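Here come two complexes built around chain A, the first alongside chain B, the second alongside chain C.
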Partner chain A sequence: MSRTTTWLTAPLCLYFVGFVGIPLLLIFFISLHDTPAMTGIGIKGYIRFFSDAYNRGVLLDTLLLGVETTVIDILLGFPVAYLYVAAPRWRRFLMFMVLLPLLTSTVVRTFAWVVILGNHGLINTLLAQAGLIGTPLRLLYTPGAVAVAMAQIELPLMILPLITAIGGIDAHIIEASHVLGAGRWRTLRRIVLPLCVPGLLTGTLLVFTGAVSALVTQTLVGGGQLAFMPFYIYQQAIQAQDYPFAACVAIVLLMTILLIVSILNALGRRSAGYVHG
Partner chain B sequence: MPPSSDTGQNAANIRLEGVSHRFGQTDVISDVSLDIADGEFVALLGPSGCGKSTLLRILAGLQEQTIGRVLIGERCVDGLPPRTRGVGIVFQNYALFPHMTALANVAYGLEAVGISRAEALVRARDALAGVQMTPFGERKPRALSGGQQQRVALARTLAIGPRILLLDEPLAALDKNLRLDMQLEIRRLQRALRITTVMVTHDQEEAMGMADRIAVLNAGCVEQFDTPEAIYDRPETLFVANFVGAANMLEAELQGGPEGFRLHLADGTLDLAKPAPASRPGRVQASIRPEHWSVAPADGEGPTATVSIVTPLGPSALVDLVLSDGRPCRFSFPRAQGVHLTPGDQIRLGLQPGAAIRLFV
Partner chain C sequence: MDKTRRRLDRWSYWTVILLLAALGLLMLALPSLIVVATSLTSGYSLRFPPPGLSLRWYRSLLFDSPDITAAFVTSLKLAAAATAIATVLGVAAAIGLGRRGAPWARLLEALFLSPLTIPSLALGLGILVLFNLFSAGLSFASLLTGHVALCAPYIVFTTSASYAQLDPTWLDASRSLGASPFFTFRRVVLPNILPGILSGAFIAFMNSFDNVALSLFLSDGRSEVLPIRLWHIIEDSLDVRAAAASGVLIAITVLSMLLMERVAGTSRFLR
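Now for the complex of A and B:
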């Protein structure tokens, strides 16, 4: 890369330093204060977070939500991505359907789920009219509802990398498997799946990080009773006015995500080694 | 069908009966009929887009022909998947599974028919040994050279004991030197296994050097199906004469009389014993290979020409000539003959004794 092109990235670098780097350092600095009044330097905030079972529960629930969302998206996204590659005539339609959620605001999409899952929502009304239930089922404000709504919103981020990965598999490799006598299932399991691992990891990375940090969806679909890390940060900072502890929670979430991202990246590098190169 | 990795005893003949393939509005293959004998090595030779690869895919069962029948071992295999047909194919880019070792690649086809992993690995090792790849069994394809990948792909295909071996441009991706080695290697394996083999290629030297018979394809039709010698010496169509080897295509007038046939070409005439394949007097295209010419005595009847370029090519020399009517023409002769030509020389051309020039309408 020449000197000139390096310098062309300077505005973005400055932007990141000013609006991402420095605020993060600031949050880290704030998290090292022991009282809400920002007096006393120490790590009491972190000790308080990890010594309380409620806090640990919030962290675990948030990570669990990330895992559930990712698993749902892999199960739903893989067939769509496979169909996209295998059926060229459906491509325009499928791509439109996949991208549609990305073209809508998160708030709108989330409210759609409230309308669908609510006590007088679509599902309960239908079930009641069919005479299957007497009282409305509690669908909204459940962890399952959050995972499902989250999965729908994050789905494109799983499908797009998977399409790239599956589309990148040489058609002759699939044919070679068939010619050697392997059926569709064996070919899928032994050839297609292993060769999509890099795409699967990219999708997992995007979906997981998106799901654990999605304040709006978690809060609107989850309601007040379900606490996840982003809302917990908001609560501590805005409602309890405890900035140091809110900063602690934020740093814990950030570090946890960074740890998971590094693990996925390391796995990705290993798997990319045998697919490309 | 039990796979057998080491015998060619169940090799089979192939018969294509009136096979046509349409893709949209175009005929990729039109009415191809071929009989390929048990254990024979046949090359499908033609320019890109002539339908040779499609024909191979139809044989393999990777594509279904629109019309016609494919018989392997006298049994119609239409609608059968490749493995059931007893067909193995080596793709041009080898299509090795990149995430598996060479050994696992070879074992894959054996495991696919339910052979236990242990047994499959034993047979896979044998198959790798058969192509001198034993030391490389644990390597992934990306750690193998092109020639080594080729060998693994061959071993993988042969391990499942196919009755028919199909090769799609097997040497196209290799360096020139390696190509000759692999030509011999494939030939050796094919002979040893006595396996019926069909190879697609656009390289006539490859086809000539490897195949028992060559089917020359053009625009979805078989132009000629014969031995390499016959294809070169007695091309049946203008296309074959043009495509295989170098030939001068010269418009001429054929005259026939009781005393024999004479070909009027530029300012001269050439005596022909038996014109073929076109034999009716009139306007013809004469296909005359550079080596058919000879330098005739100055008082002969053949056409005169002016030497424009002389290119020495090791054992032979190639001479670019201009005929008296301005048409270019090429002439080659063994340099050992001691003929010396320099640009500007005027020569009279004659035909080598026995030169089989071909006439087309």
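Now for the complex of A and C:
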């Protein structure tokens, strides 16, 4: 296993150039055409996208969904990861609880939310039996429902990096903080959270990129009324047969994701100095 | 700090942490439990709680749902084929990358992991355009093309992780004792990185089996995959068979997860 093994990367490299690199370049090339018939080279598609308030709304709603999902997942994921590190005897159980949903089909988990939030679902039944409501509440097909369902789908991807981050903190530092008179909350704010920043950033990256491109959950829980970028791409390509515009929407989504990923990576490099420096 | 304040601090801290953690764990577990409970209904609609318990929808799924069974078989074949190809390419690439931290190796690794961040809908659209360019019709082959790219990152990632833990002196020892590179690979490298390969293959398989976005663009009329079939059922009719199919998928996931944890310690590679 010496220097001569480098050639082993060639097959996958060729595959990725052919079936990831070239396809993405093709989308970019197609997005630079002005009409569905692929005539006229220009950036009319992008102008069309950004000059229309509806399109800008779809982009903003998608990004907002990503942010909401990330915030919910930090709030719920941090305590679970903290518990995992603090309670060694529960680790096997907790890891099972985190990994099972991660490996369970997204369609299945989304379907569960349709059942929970539907008119005859768990929440409406409970509320009706408690006598709190007469007619079922409309929970499904609302932006809040999409954010909650999405948060559940992505939660394991926040918990796993946080477990690594919290588990890596030297217990002596926490002890020192307590001995020096800082309370639990102050230690959390001044010691634990700053040391978790790399884990938080990794989790944010995974959750955000997952949430903004999760077609199935967005369409099944959001219904036809709420539009997000992934379904918009599909709709323009397959239903409207407007490949150049579909390609524009795809490139806008891709560029937005790449921008956010590079910001998070830059922050990550800075925060690594925090932990090791 | 005096004693009461200290106690209040500790008490409030653990109350908040435990409450939020309980809510988080409930969020994680609840959906699967609800689906399984709903699938055991004796009624005709997706009500929760179900009016009575019965296995009728599982019988209906097994005996008179040729559409779902066919889609299940297509998905199995696709995930198995994609995982197999991606494993061969991915393991070779991971060993080729080795432990090297050179810029080119890091760049290649970023390329190999890129499908994790690229929305697979965009990738699907791109591959569709590529196939159209060569006037190649959609078929099982076009589906497979996309799914291999989807599977490869997981295998590269887990195999690299276990290869990095392999003690390099073992390789030197094997070589200096006269073993050929292939013999060294088969008897020294492979047994040590096998848990990584198996774990990556498992995660890749589950992801391929679950993928909708790529398949939406790349499948022809004849090869509909299971998640798309279920998606359509849930969108159009909310048939209880979808719940039964979900119950089966959850059971398969639990069993295969426990098996893989035993055989390869999969959870190590996810942290």
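By definition in this document, the second predicted complex is superposed on the first by the 273 of 277 C-alpha atoms of A that agree within 3 Å, B and C clash if a C-alpha of one lies under 4 Å from a C-alpha of the other, contacts with A are read in each partner's own complex, and residues count from 1 in each chain.
One rule holds in what follows: a contact is a pair of C-beta atoms (placed from the backbone, for glycine too) under 8 Å apart; a residue touches a chain by one contact, two chains touch by 3 or more.
None of these values were measured; they are calculated from a predicted model.
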item: Joint occupancy of chain A by chain B and chain C, clash or fit; value: fit
item: First (chain B), second (chain C), both or neither touched by A:19; value: second
item: Partner chain in contact with A:254 - chain B first, chain C second, else both or neither; value: second
item: Touched partner set for A:195, first chain B, second chain C, both or neither; value: first
item: Which of chain B and chain C A:175 touches, first, second, both or neither; value: first
item: Chain B or chain C, by number of chain A residues touched; value: C
item: Superposed arrangement (fit on chain A Cα atoms) - minimum chain B/chain C Cα distance in Å; value: 7
item: Footprint overlap on chain A, comparing chain B with chain C; value: 181, 183
item: Touch list for chain A against partner chain B, complex; value: 170, 172-173, 175-183, 186, 190-191, 194-195, 274-275, 277
item: Residues of chain A touching chain C in the complex; value: 1, 4-13, 15-16, 19-24, 26-27, 30, 75-80, 82-83, 94-116, 118, 120-122, 125, 151-152, 155-156, 159-160, 163-164, 181, 183-185, 188, 205, 209, 212-213, 215-216, 219-220, 230, 233-234, 237-238, 243, 246-247, 250-251, 253-254, 257-258, 261
item: Chain C residues within the chain A interface of the complex; value: 1, 5-6, 9-10, 12-14, 16-21, 23-25, 27-32, 34-35, 38, 45-49, 89-90, 92-93, 95-98, 108, 111-112, 114-123, 125-130, 133, 145-146, 148-149, 152, 156, 171, 181, 184-185, 189, 203, 206, 209-210, 212-213, 216-217, 227, 230-231, 234-235, 238, 242-243, 246, 249-250, 253-254, 256-257, 266-267, 270-271
item: Residues of chain B touching chain A in the complex; value: 60, 62, 81-83, 87-89, 91-93, 95-99, 108-109, 112-113, 140, 142, 156-157, 160
